[in-house]
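What follows is a pair of complexes built around chain A, which joins chain B in one and chain C in the other.
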Partner chain A sequence: MLDKFKAKFVEESMDNLQDLEESLFLLEKDLENKELIERIFRAMHSLKGGGAMFGFNHLSDFTHHLETIFDWVRNNKLAVTSDLITLTFSAIDHIKNLIKTGDLTDEQELKGHNQFILRLQSVLSDSASTLSVHSTVDSQNINDEISESKTYLINFIPQEELLQNGTNPLYLLDDIHALGEAISIAYTHKVPSLELIDITANYCLWQILLNTSESLNEIKDVFIFVEDECELQIDLIADSNILQKPECIEIIKKARKGNSLLKIEDFQSLSQLKPSSQELESGEEKKKITAIKEHKISSIRVASHKIDELVTLVSELVTIQAQLSLYSESNEDPVIVSLSENIQKLSRQLRENAFDISLIPLQSELMRFQRLVRDLSKDQGKDIDFVIEGGDLELDKNIIEHLTDPLLHILRNSIDHGIELPEERISSGKSPKGTILFKAFHSGANVIIEVSDDGKGMDLEYIRQKAISKEIVDQNAVLTDKEVLDLLFVSGFSTKDAVSDVSGRGVGMDVVRRKIANIRGEVSIDTEKGKGTTITIRLPLTLSIIDGLLVKVGANQYVIPISAIDKIHALDPSQLKKSFNNVVVLDKEQIPYIDLRKVFNAPEVEHDVIQMVMIKAEDRITGVIVDSVIGEYQTVVKPLGRYLKKQEILSGATIMGDGTLAMVVDTSRLLMERKSKKVAG
Partner chain B sequence: MEDVQEITLLSFQIQEDTFAVNALKVDHILEVPENITPVPNAPEFIKGIINLHGNIIPVADMRIIMGKEDITSNQDNSIIVINPANNQDSRVGIMVDIVKEVIETKSSELKETVLDGKKGLIESFEGTLLINDEFIHIIDMNNLAEIIEK
Partner chain C sequence: MTENFNVDFKENNGQLDIALSGQLTINSIKKITEDIKSHIKNPKSVSVSVKDVDNIDLTFIQLLQSIKNSGKKNGYEVSFSMKLPEDLSALLKNAGFSNYIN
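And now, the complex of A and B:
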C-alpha cells in the first residue's frame, strides 16, 4: 500500500520538478518575476513535505535548504542571479537522483550530498554579509517587514472532503496561533442535523483574526497543503494590533453568538487602512483559486499501460468490425447491414478517440532539450537562444519516446558543430548570440519537426573530401549537393575531427536516421555555408493504424503504406524486358524498380499487365512490382515481435477481415536495402 | 540438502524422442491451422505467423530445430504456444508431432542431459527425466527463444 503511495509521490515529484525547471527557465529571462519565484518556492515546498512524509529524508532535508534560499529570494533578502539559477539547476538534478534512488547509502554519494548542502548554505551566509548592498535596493520592502505588526482577517472555509486527506484543520489553527496573537472563531452553522451527518466530512469553517509581524506569504504557507481543498482569503484589516481594543472584542463576541461571518467592513472604524488596494489583491487571489480548481478536473492521470491496453482493445475491435462488415456484405440481411454500418461508425469514432488519448504534447520532452542547450552552451562558452515553436503539438507517446534520443543528438550537433563562439560570430558579421529554432507543426498526415540553427553551416566540399578519404565515394564521382548531404547518413561518417564529449562519439546522423526510420519517419538536411543548418524530421501521426494499399505477391498479401505511395502504374511486360539495370522508362524518366516477387522469393508469374506501385521516399521515386493490387485497406499494424525482428523489410503484420494475415512492408527499409545491394532489383 | 521444487511439465513427442517444457510457461495448445502465413526470407525453421486472438504469433517447427530430416505432417501435429519471458513479445508457437501429457515431478528427479551429437540447434537442456524407461528431455526455453531469435 505504502509502495503505491510512494510511486505516486515519485510521479508527482517528477511533475513538480518539471514545473520547477520550467519556472527556472522563465525566471532566467525575467529575474524579478515574483510569480515565478512563488511558483518555484511552492514546488520546493511540496517536494520537501512529500519527501518527509514518504521517507525520502535526504530529499526532504536537501530541499529544505534549497527552499530556504528561495524563501529569502521571495522576501527580497536575496537577489536572483544567473549563478543562483545554475546552482538551482544542478540542485534539481541532485533531487531527481534522490527521488530515483531514495535515501543515499553509498558513502561517496553521501559525501557529495553533504557538500552540496554546504554549498547551498554558503549562498545564504554569503548573501547575509552582503545584505547591506541589497537593503538599499529593497529598503522599501524591508522597511515594511520591520514595521509594526499588522492585523489580518483570515477566512478559512474548507471543503467537506478536507478530512479525507488526513488533514487536521486544528493543526493549521495551531500554526496560525504560532505566528502571533490570534483569535479564532469557529462557525458550525453548516453542520447538518444528526441523521444527515457524514462522519468523514468537515462542516466547520473558521475565521481567524491574527496579529503578526510575519509577512503575508508566511501566513499563506500555513495553508499551502490544503489550498486546493479550501477557500482561503486573507485580508489586511489594520496596520496595528487591534485585537485588544474593546470594539474589536465586541465584534468577535457578536460573531460567535450569531454565527455570522466577520466582514472587513466591520473593522473599518478600527483600521486606518484604505481598503481599495487590499480588495484588489484578494480578488486576484480568488481568481487564482478558481483557476487551480478548474485545472484539477480538466485532466486525470492514467497509467500509460492502461492506455496501451485501451488502444490494443480498440484495434481488436476495428479488426472484428471488419470481419462483421465482410459477413454482412455476403449475407444480405438488411438488419445486419445497418447494424454493421452503425458499429463501423461507432468503432471509427472510438478509434479516433482512443488514439487521441494516447497523444501527448511534445512539451513534455522539451524541458530536457532546454536543459541540454543551456548546459552545453554554458560549458562551451557559447551564447544560444533556444526558441521553441509548436511545443503544444501532440504526438503518439510511442513516437515521442523514440524521438528524444535523435533530437538530443541533433541539438548537440547544432551546439557543438553549428553555432560558433561569440567572437567568431562577431567577426563574420553575425550577432554574438546564436539561435536554435525548434519548430513542430502538422503537414497533412505527418508531423514535421525542424531544428534550425544560424551557425556556420556545413562545408559540402569538406564532407565530400572526407567521404573520399574514407572511401565512401569515388574521387571522380560527380555528386549533387543533396547527394553530398546524404553522405552524412552513411554509417561511420562523422564530420568533427576530434571526438568531443558532446557528439562525435562515433554516433552520427546514420543512427539518427535509423532511429527515426524505426518510427517510420524521415530525416533530411538543408544547409548553407555560413548561414546555418536545418534538420527536418517528418513523422507519421500515429504508429499503430495506417492507411495501406493491399497487394498480392505470390501467395501472400502485403500492405504498403499509402503515405509512401505516389501512384500506381500498369505496365506492359515488354517495357520491363527492354530495360536493363532494373530501370524502367516512364514519361521519359528513368525510374529504378524493385521486384517484390524476387525480394520475397515468390515465383515469378507472367502477367498480361504488370502492376507497379510507385514509392516516394526522400524525393526519389522507385517502382515496386507486385503480382496484383487488391485495394485500399485501413490497417492495424501489429508488431512481428522479437523473433522476427531480423525481417527488417517487414514492419509488422495486420489481421484481415477474414482472419488471415497480411504483412506490412517498410518502404524506406526496402529502398535502403536496395541501395546497399542486399536486395536484387 | 538441495532445494527441492515441484515442477510441472508438458511433454511432447518429436518422432522417437520425447521432450518437455515447463507447463507454467505454456499459454496455449493449438491445432495446426490451415493458413500459416509464411514469412519471406525467414530462417527455414520459421513456419510463418498465425493470428492468435488478434495477436501475431510466429511459429517455429521443432522438428527442424531438433535436426530431424523427416518433417511430413499429420493431423496429430500441434502448436504449443510458449511464453518464456511472460510478455506478449516473447510468445512463440512451437510445432511438434504430438502433445503427450502433463507431468508433475520434483526437481530432485532430474538428471543431467547427455549431449552428444551436434544434430539439433538446441544447446542446453534443463535436465532429463526417466519415467517408465522413457527419457524425457526438458527444453531450456530461454535457449530455445534465443535460437529462434537468431
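And now, the complex of A and C:
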C-alpha cells in the first residue's frame, strides 16, 4: 500500500513541479506578483512535506532550502531577480531527478547535491548581509514578528478520504504544537463499531487551542497539504495566553467529556480582545482567510491504462455492434432491427464519451517546450519570446505522446536556424527580441498546430543548391517553391553547415514528417526570407476509432477516413477512358486521380457508373477511384502487425461485422506516394 | 512477505486478550482489523494490550475506538493498555489521544 501512496506522491509531485514551472515563467514577467510567489512557496512546501512523509529525504531537505528562499521572498526579505529564477529552474530539474531516483547513493551525485544546497544557502546569506547594511526589510514585518503571543481556536475537520491519500494527521497536530503552546481535543464520536467501520477512512475531527507568537500565515502553512481535503477555521480568541487559566481548563474538560465542540463565545469572558478587533479577526479575516471550504469534486485522477482499457472495450463493443447490425439486417425481425439501431446510437455516444475522456490538454506538454526555448535561447545569446495560443486545446493522449519529439525538433530548428542573434536582428530592422508563436486550433475534424518564428526564414535557392549538391534533385529540375520546401523532408537533408548542439545533426524534418505521419498527421512548411518560417501540423482528433467510408475495390473492402473526404462523384466510365495522364475534368476543373483498382491490383470490372471519392489534402482535391461505395462505417482501427508494417498506403485494418477484414487507407500517404509516382495513377 | 506487525489472541472464559505490536499503521490496518473481527465473537470482555510499537497512526487509534464502540453496542467491556516509545507517546498526546496511553 505504501508503494501505492509513493507512486501517487510521485505523480502529484510532477504536477506540482509543472505548476511551479508555470508560475516561475509568469513570475519572470511580473517579478513582484505576490500571488505567484505564494503559489510557488506552497508548491515547494507540499514537495517538502510529501518528500519527508514518503522517504524522499534528500528531496525534502533540498526543497526545504528552496522553500526558505521563497519564504524570504514572500516576506519581502529577498527580491526576485532573473538570477533567482534561473537558479530555481535548475533546482526544479534537480528535484525532478530526486523524485525519479529517490535518495541519492552515488557519491558524485551526492557531492553535486550538497554543492547545490550550498548555492541555495548562499542566496540567503548574501541577502542577509545586504539586509544588515541596507535594512530593506519592511519594519512592519519586524514588528509583526516580535509581537506578543495570541491564542487561537483551530477547527480542523478532515474529510473521510484524508488517510487514503497518505496523510497522517497526527503529524499535522504535532506541527501545530511546535508553533507554541497547544491543547488538542480529538473528537472520536463518529467512529463506527467494528461491523461498520471502513478502517482506512477518517472519522475524527479536532479542535486545537494554540497560543503562539507566529503569524496566522504560519499556522495556515501547517495545513497547506490538506487544505483541499478538510474544513479549516482559525479564529483569534485572545490577545494573550489563556491556556493555563482555570476557566479555560474547565471549558476544555467539559468539551472532552461531552464531545461538544468549543465555540468562540465560550472564551469571551477570558478574552482580552476589544470587540472591534475581535470582530475584524473573526469576521472579515475569517471570511478572507479561513472560510470553510465548499468541497466539490470536479475532476478525478484516473490511471491512463484504465482509460486505454475503456477505449479498447468500447472498440470491441463497436465491432460486436457491427455484427449485430449485420445479423438484424439479414433477419428482418423488426424488434431486433430496432434494438440494433438503439445499440448503435448508444455505442456511438459511448464511443464519443470514452474518447472525450482520453483527451488531455496540450498545455501539459507545453511547459517543457517553454523551458527548452528559455534555456536554449539563453545558451545561444538569443532573446526569444515564446507565445502560446490555444494551449488549452485537448488531444488524444496517444497523439500527444507521439507529438512531443517532432515539436521539440521543430522548436529547436526555430531557435537554432530561425531566430537571429539580437545584433543581427537590429541590423535587419527588427526588434532584438525574437518571437516563436505556438498556436493550436480546431479545423473541422482536425487539430492544427502552427509553430511560427519571426526569424530569418529560409533561403529557397540555398536549399535547392544543397539538394543538387547532395544529388537529391537534378541540376536542371524546375521546382516550385513548395517543391523546394518539400526537399527538407527528404531523408538526411540538413541545411545547417556547422553541426550545432541543438539540431542539424542530420536528423531533420524527414523524421518529423515520419513521426507525424505515424499518428496520421501531415506537416508542411511556409517561409519567407527575412520574415520567418511557419511549420504547420495537421492532426486527427483521435486514433483508434474513426468514422470511415466503406468502399469495395475488387473482391476486398477498404475504409477511407471520412475526415479526408470532400465529396463523392459518380463518373461515366467513358470519362476515365478519355482521361489523359490520370486527370479528369469535372465541373470544368481538372482533377488528378488515383485508381485504387490498379493500386491494389484488382481486376477491372465493367460498371455502368464508377465512383470517385474526392480526397482533400493541402487545399488540393484528388480523386480516388473505387468499384463501389458501400456506406458509412464506424471503424475500429487495429494495427497491421509486423508483416504489413512496411505497407505504406494502409494505416490499419478493421474487423467487419461478418468477421472479414477491411483495410484502412492512409489517404495522406496515398497522395504522397502518388506524387513520388510510387503508386499507379 | 513477512508481516511487520504482530497480533496475538488469548481467550479464557469469555475474556479475550489481544496483544498488538510492530507497525500499527494504515499499511497493515486492514489485516489487523480482519484478524480482530474474526476473533471477537461473543466475549464477556476484551482487553487490548499494545507494546513494542514501531509506528502508529490514526487508523490504529480509530480501530481501538471502534472496538470500544462495539463493546458498548454489544454489551462487553473493553479496556486498553498502551506502552509507547517517548516520541510516539508525545505524538498521540499532541493529537489529543492521551487517554489511550498508560
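Heads up, the rule we're going with is that the second predicted complex is superposed on the first by the 426 of 681 C-alpha atoms of A that agree within 3 Å, B and C clash if a C-alpha of one lies under 4 Å from a C-alpha of the other, contacts with A are read in each partner's own complex, and residues count from 1 in each chain.
Keep this in mind: contacts are C-beta pairs under 8 Å (C-beta built on N, C-alpha and C of every residue); 3 or more make two chains touch, one makes a residue touch a chain.
As the structure is a prediction and not an experimental result, all values here were calculated from the model.
When both complexes are overlaid on chain A, the residue A:L644 reaches chain B alone and has no touch with chain C. Contact with chain B, but none with chain C, is seen for A:T660 once the two complexes are overlaid on the shared chain.
When the shared chain is aligned, chain C comes close enough to touch A:T200, but chain B does not.
In the superposition on chain A, contact of A:F9 is made with neither chain B nor chain C. In the superposition on chain A, A:A186 contacts chain C only, with no contact to chain B. Once the two complexes are laid over each other on the shared chain, residue contacts for A:L170 go to chain C alone; chain B is not touched. When both complexes are overlaid on chain A, the residue A:T319 reaches chain B alone and has no touch with chain C.
By the touch criterion stated above, A:N601 is placed in contact with chain B alone, chain C being left untouched. Residues of chain B touching chain A in their complex: 35, 37-42, 46, 49-51, 54-58, 60, 88-92, 145, 148-149.
On the side of chain C, the complex with chain A involves touching residues 26-27, 29-30, 33, 36-37, 40, 57-59, 61-63, 65-67, 69-70, 72-74, 90-92, 94-97. Residues 1-2, 163, 168-171, 173-174, 176-177, 182-186, 188, 191-195, 197, 199-200, 202-204, 206 of chain A touch chain C in their complex. Listed in rising order, the residues of chain A touching chain B in the complex are 315-316, 319, 555-556, 599-602, 638-647, 649-650, 652-653, 655, 659-663.
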